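What follows is subunit A paired twice: with subunit B in the first complex and subunit C in the second.
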Partner chain A sequence: MTAVVQPRPVEGRSLWQDGLARLRRNRAAMASLVFLVLMALACLAGPYLTGHAYDQVYRSYVKVGPSLSPYPKAEAIAPAALDALKRARVDVGEPVEIVGESVRIPVSSSRELDPRIVRYVDRVDIFSGARLEEIAADGRSGVIVADIERFTFLFGTDATGRDLLTRTLIAGRISLTIGLLATVVAILIGVTYGAVSGYLGGRVDLVMMRVVDILYSLPFIFFVILLVVFFGRNFVLMFIAVGAVEWLDMARIVRGQTLSLKRQEFIQAAEALGVENVGILRRHIIPNLTGPVVIYMTLLVPRVILLESFLSFLGLGVQEPMTSWGVLISEGARDIEGNPTMLLFPAIFLTTTLFALNFIGDGLRDALDPKDR
Partner chain B sequence: MFGYVTRRLLTAIPTLFLIVTGAFFLIRVAPGGPFNLERPLEAKVMENLNRIYHLDKPLWEQYLYYLGNLALGDFGPSFVYRDFSVAELFASGLPVSIQIGAGALVLALVAGTLLGIASALRQNRPTDYGIVGLATLGITIPTFVIAPLLSLVFGVWLGWLPAGGWGDGAWSYKVLPIVTLALPQIAVVTRLTRGAMIEAMRSHHIRTARAYGLKPWTVVVVHALRSAILPVVSYAGPAAAALLTGSVVVETIFGIPGVGRYFVQAALNRDYTLVMGTVIVIAIFIIVFNLVVDLLYALIDPRVRLG
Partner chain C sequence: MAQAKTTEDSDLVLDIRGLVVSFATNDGEVRAVRGIDLAVRKGETVAVVGESGSGKSQTMMAAMGLLADNGRATGEVLYRGRNLLALRPKALNAVRGAKITMIFQEPMTSLDPLYTVERQLSEPLVEHGGLSWKQASARALELLELVRIPDPADKLRAYPYELSGGQRQRVMIAMALANDPDVLIADEPTTALDVTTQAQILDLIADLQKRTGVAVVFITHDLGIVRRIADRVVVMKDGEVVETGATDALFAAPREAYTRMLLDAEPAGRKDPVPESRPIVVGVQKLGVSFRIQQGFLKPPTILKAVDDVSLTVREGQTLGIVGESGSGKSTLGRALLQLLPHSGRVQFEGRDISNADKAAMRSIRRQMQLVFQDPFGSLSPRMTVGQIVTEGLLVHEPSLSRRERDLRACAALEEVSLDPSVRNRYPHEFSGGQRQRIAIARTMVLKPRLVVLDEPTSALDRTIQKQIVDLLRDLQRDHGLTYLFISHDLAVVRALADTIIVMKGGRVVEAGPAEAVFAAPADPYTRELMAAALAPVAAG
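Let's turn to the complex of A and B:
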């Protein structure tokens, strides 16, 4: 007797497993995902590694260009020392010598040298630990010795002399946080509103969608400005509010999906079993909406980031000394002829991030859209 | 057709009324007023100003007063741009914005459709990837990055075109703003056309047309494009309304005297009448262009019946 070969049960693949597998094959989306994770990590950890605080002002280094070698440049040291001592009312002898990591400035005066003049030197960011040495017997001449402080500004500095790399990373933190925060708010409101409207249907649906239509036809920027006026310039509150404005599209999408869902058998079955409306919405409708919501979410995050930049560009967004990519770009745009890098670096960061987010969104849509199989 | 248009325009009146009402009370709820300056005005001066502009009356009375004037076609005086009425501001600014916006719209539709078709016909080939990549770039780079860059490259470095200004509408001053405004729209139109075109090329009527032995050009332009253009048309309606009513970023960066700047300025300064005027103008543009879209839809797609 031959053993009956049991056919191995066919292992089903859920929509999600299927989608995930397809997303993995999408090289652009995966690369974007990796890029985005790296960007987020850089923005989180980077500011601690650059060696500058985001609001530290270096008066001696206003608008210096990006450079891999540390400042100050050798030829800039002597003039800076002379400049620093201009107000000390002493005669500065030549030459100003640079010995290793310190500078020697011979000084003399017709009166006795006041040791406090070293403060003039210390005040400049280039020097530190200035001291008066080799004082002559009459106390009228000596040498000021000061250590040279070396700073690296990979991206250069902004118009007030703050390190642009640190600021760009901090700005990324703010922009990404705002993007996520506002999106979550928009999704929460949009999904609830759309699902309720679509599921209840009838007159409730009509009224709820009329409200959305009217909100739609009011210019968007109008709301945002009102929100800025109401909430002041507190950006957290404001972006919760921006999320509260961005939910309109979400509500429409969700409503449409709900309309088609609620005619399906499993909803009717739940109704027949006597499940309450709230129960059906929570247990059956909303989980089935995840696909379109996730896709829309990845596309909404870049939109919100862009919106935040736009508001910051208008001067309505994040306030100094905090910063965001939009703020940095608008600062750079103002001074584009003098120093284009101030615009370029934040713009590159913003654009690449948005680019990556868009690719992920497109990839997700391709992966989850059953029509495309 | 004529009856349909009339009916649509008539139903627009209640919508406009709701928008006007909503905007009126929303802007009034916002704290601050048009005359709250950094340095407060004298109490007596303030009182006089409020009386002249009817701001001392109860809100509902002001609302009725405003509605009454609006019914007569009077948008009222601007609170902040003194000596100008809102109508005058629009009369001088709107033509400028429309010129720029219309240029951008035409450029976006022509370039976007062509790129979209090219991309769809070479799906998953290098041309396609290149165009899609460029389109994604166009969507992601914000206008306020493109505008200063274009101004720097073509205005300052190359010196081909003026870096900014209006120059009484000389064409050379319009090129950069139009291109700046059009670039993101080109990107969107390209993507829409590409998607719709790919779907159209797979459909049965295209296979039939091919089987008849029609020339590829006829198949693409006459048969496929006709259905592929529909999503573009429905996108172009709201986009046209937004483009023609001016862009605050482009107008600020290039220094163009359009109406795009008014809205932000007016809302921040609580220039109530100017805000209301802008809201109404934008709403009218949206309503009109939605109507145009519906008419075009019926024209292109014979299955759509107006009613």
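Let's turn to the complex of A and C:
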């Protein structure tokens, strides 16, 4: 053979690049993508910025409504102070004065004032750094001065007085993680299983697909309850439960696709070249499955999130104080009349995310569908 | 409007003026048709000829309002003075499907598999013609008689899958004729059919035209057909009309170089004979392939003999042409020979018996015997680059090669098939049919095989491209001493390439012998029928 020069290759444009170019023109899908990225960032970084820990309980602020201005409200301070000192066996004089960022509470007692009574005040979330000042000579009266702690609860708080914004963002982490991980698990198992079953065909296919049929026939909730009974409630269990069910669909879809791919001439060409089964699966079948698989994946993520929400709603999901959107919605639904915002905010987060994922899925289907060209 | 036309023009049924068709694609606007004029008079047959991509189909699709979503048509398409492009869908539907009808290339996919022939024929009669279902049914029977389907009464109740390709195409024609159209547009109606069926369909169209006076617009890339049926020819290239004229005049004295090239595109030349002393590469004795067809749960399976008792020998450097209609078992024979299907009988490759050898034993022999497929679109994996496709065989048979060495071999193989090696990072969908077929050939050549089985490698290609591929195959054979098994239904191509041919029918060999002898004096009646159907237009000219 004569020496052949190796010219610089011209870059080609793969079907993927074509598809992505089409996707980029789809406004709804692109907006959804941006939204999802923002949502993911908010869920990741947000909890550090809200100023509240997701499991910190503010007993003074149980079920307060959403507000842009910080708590406590001016009119709530005096009653809170009186309430706090109720058990201190002291007489609280009038008036309770609010001076700038601190509160002055005149107290008197028939006995000498015990300086430890300030703890009653400190114990309330509204106040901090309480101290006894201006003690009278006989020690029987004085003024408790306490700083007022101001908290902002943009979304309000939940039934145990935890910041709903922080909890919604933390819940988003859990829901999105379960959505992604369970989907990846489902796809890994499903694609491998379906492609092998479809490609090998014959008796192997028959057995493998009957196994799928049997697994299909197990009632999902029953299956999850069994798992919970045996292993207790556990975050990892969620992946297993959801992944174990969702890969069945994936396997069937992939098997169908593989069956039609198998008849394509390029597969026969590879067989005629002597390529082994593993090579055909890896180089020819699986790459050609990416289109349907990616589309199915974007539609599977919302399904998994919903499934998790459903399980959490039933009380089979993640455990307190950890939470997910499903748990929050379930809690909010319990108090829908008294405090609808507790339901509203997590529900908005969940539905917008699901919308965005569905839009992306639709966009991808339009962009990657080969019949379109 | 119609009254305003002069008497001279009243003959004009379809008048296309300045038609421009463009498509919005990722790479901006692509103009498929660049301002063409085309007139069709009552009762004449106009052939629109051109290679694929010349815009001949898109012209007619635009006229029928059937463009893809991203397509746009401007200009005028006048049907008896009314501009179809300006009509609303409802008004357009009154014309298309009734007065201008169309038949397509694929009769398999143009019929709805869920409905009987009767239902499908009756529907437009009820919708457009205002007939009752009962009247429509009677008319459907008439139509089937018109297109000369055997047992028309039985066929009314048949579902599309129960009909052969030729019968389906006849049903399509019957549907097109249902409402007494003025214009019948036939878009490559015979390309998917066997030669003998093709001839019958062409005769039918010509005959129907005589009887009903319908004007026919015949879109094709095959000039052999044109000469047989057309009154006038319009030659298209790159979206423009290159030449137009009466068929006889155009064939006798083409003005344009492009037309001459199309006319010369018949594969020419004969193969130089190979001396008898060369070693035998393939020997096949009494090869048979049968398929079990499960008919029902309890019924015993029937055995279908796809290939029955075939023996042949091919010497080094020879080309054996395997000829037959679809279903004759010629492709099955090729695959069984390559041990891709279980078979009975014996297959010897270079003296070794490889009959029903297992995968592992075959792997070392695979590189010596290669296969090229008919469909250049289906045989290349759409998600691999050309370089990866071409070198895949090396991964299997020479796993020790480095990436760089493989790349070099890919370049060499691409050069050998006259492709620019710089395209090796591109993807198959960026190439035309002919280029893809070259890539498929490069994939086999990179392994330096001894035997190549070519399964209809030119059937999906335009005549001009066919000629190039035939030339390429001939050069490769000469340079590398290749042995070919050439499977085709196209006798012109086989004649240009083969030393010996075998003619197959129903899985059996009906005739075998040196190519020249068989072509000069076919002994079997079936061979004679094939030749008459395929070569008649050439012989007549």
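Here are a few things to note about the model shown:
One rule holds in what follows: the second predicted complex is superposed on the first by the 353 of 373 C-alpha atoms of A that agree within 3 Å, B and C clash if a C-alpha of one lies under 4 Å from a C-alpha of the other, contacts with A are read in each partner's own complex, and residues count from 1 in each chain.
What we mean here is this: contacts are C-beta pairs under 8 Å (C-beta built on N, C-alpha and C of every residue); 3 or more make two chains touch, one makes a residue touch a chain.
Just so it is clear, the model here is predicted, and its values are computed rather than measured.
In the superposition on chain A, A:Leu20 contacts neither subunit B nor subunit C. When the two structures are aligned on the shared chain, A:Ile135 is found in touch with neither subunit B nor subunit C.
With both structures placed on the common chain, the touch criterion links A:Ala333 to subunit B but leaves subunit C unconnected.
In the superposed model, A:Ala272 makes contact with subunit C only, not with subunit B. By the touch criterion defined above, A:Gln264 lies against subunit C but remains apart from subunit B after alignment on the C-alpha atoms of chain A. Once the two complexes are laid over each other on the shared chain, residue contacts for A:Arg283 go to subunit C alone; subunit B is not touched. Legend: residue contacts after superposition of the two complexes on their common chain; A:Leu314 is shown touching subunit B, with no touch to subunit C. Once the two complexes are overlaid on chain A, none of the subunit A residues touched by subunit B in the first is touched by subunit C in the second. Subunit C contributes residues 26, 338, 340, 359, 362-363, 366-367, 370-371, 373-375, 378-388, 392-393, 395-397, 407-408, 411-412, 415, 420-427, 429-430, 440, 443, 447 to its touches with subunit A in the complex.
Those residues of subunit B that touch subunit A in the shared complex are 15, 18-19, 22-23, 26-27, 29-32, 136-137, 139-142, 144-145, 147-149, 151-152, 156, 248-249, 253, 263-264, 267-268, 275, 278-279, 282-283, 286-287. The part of subunit A that touches subunit B in the complex is made up of residues 213-214, 217-219, 221-222, 225-226, 229-230, 302, 306, 309-310, 313-314, 316, 329-330, 332-333, 336-337, 340, 343, 347, 350-351, 354-355, 358-359, 362. Taken together, the subunit A residues at the contact with subunit C in this complex read 1, 4-16, 18, 21-22, 264-266, 268-276, 279, 283-284, 287-288, 290, 370, 373.
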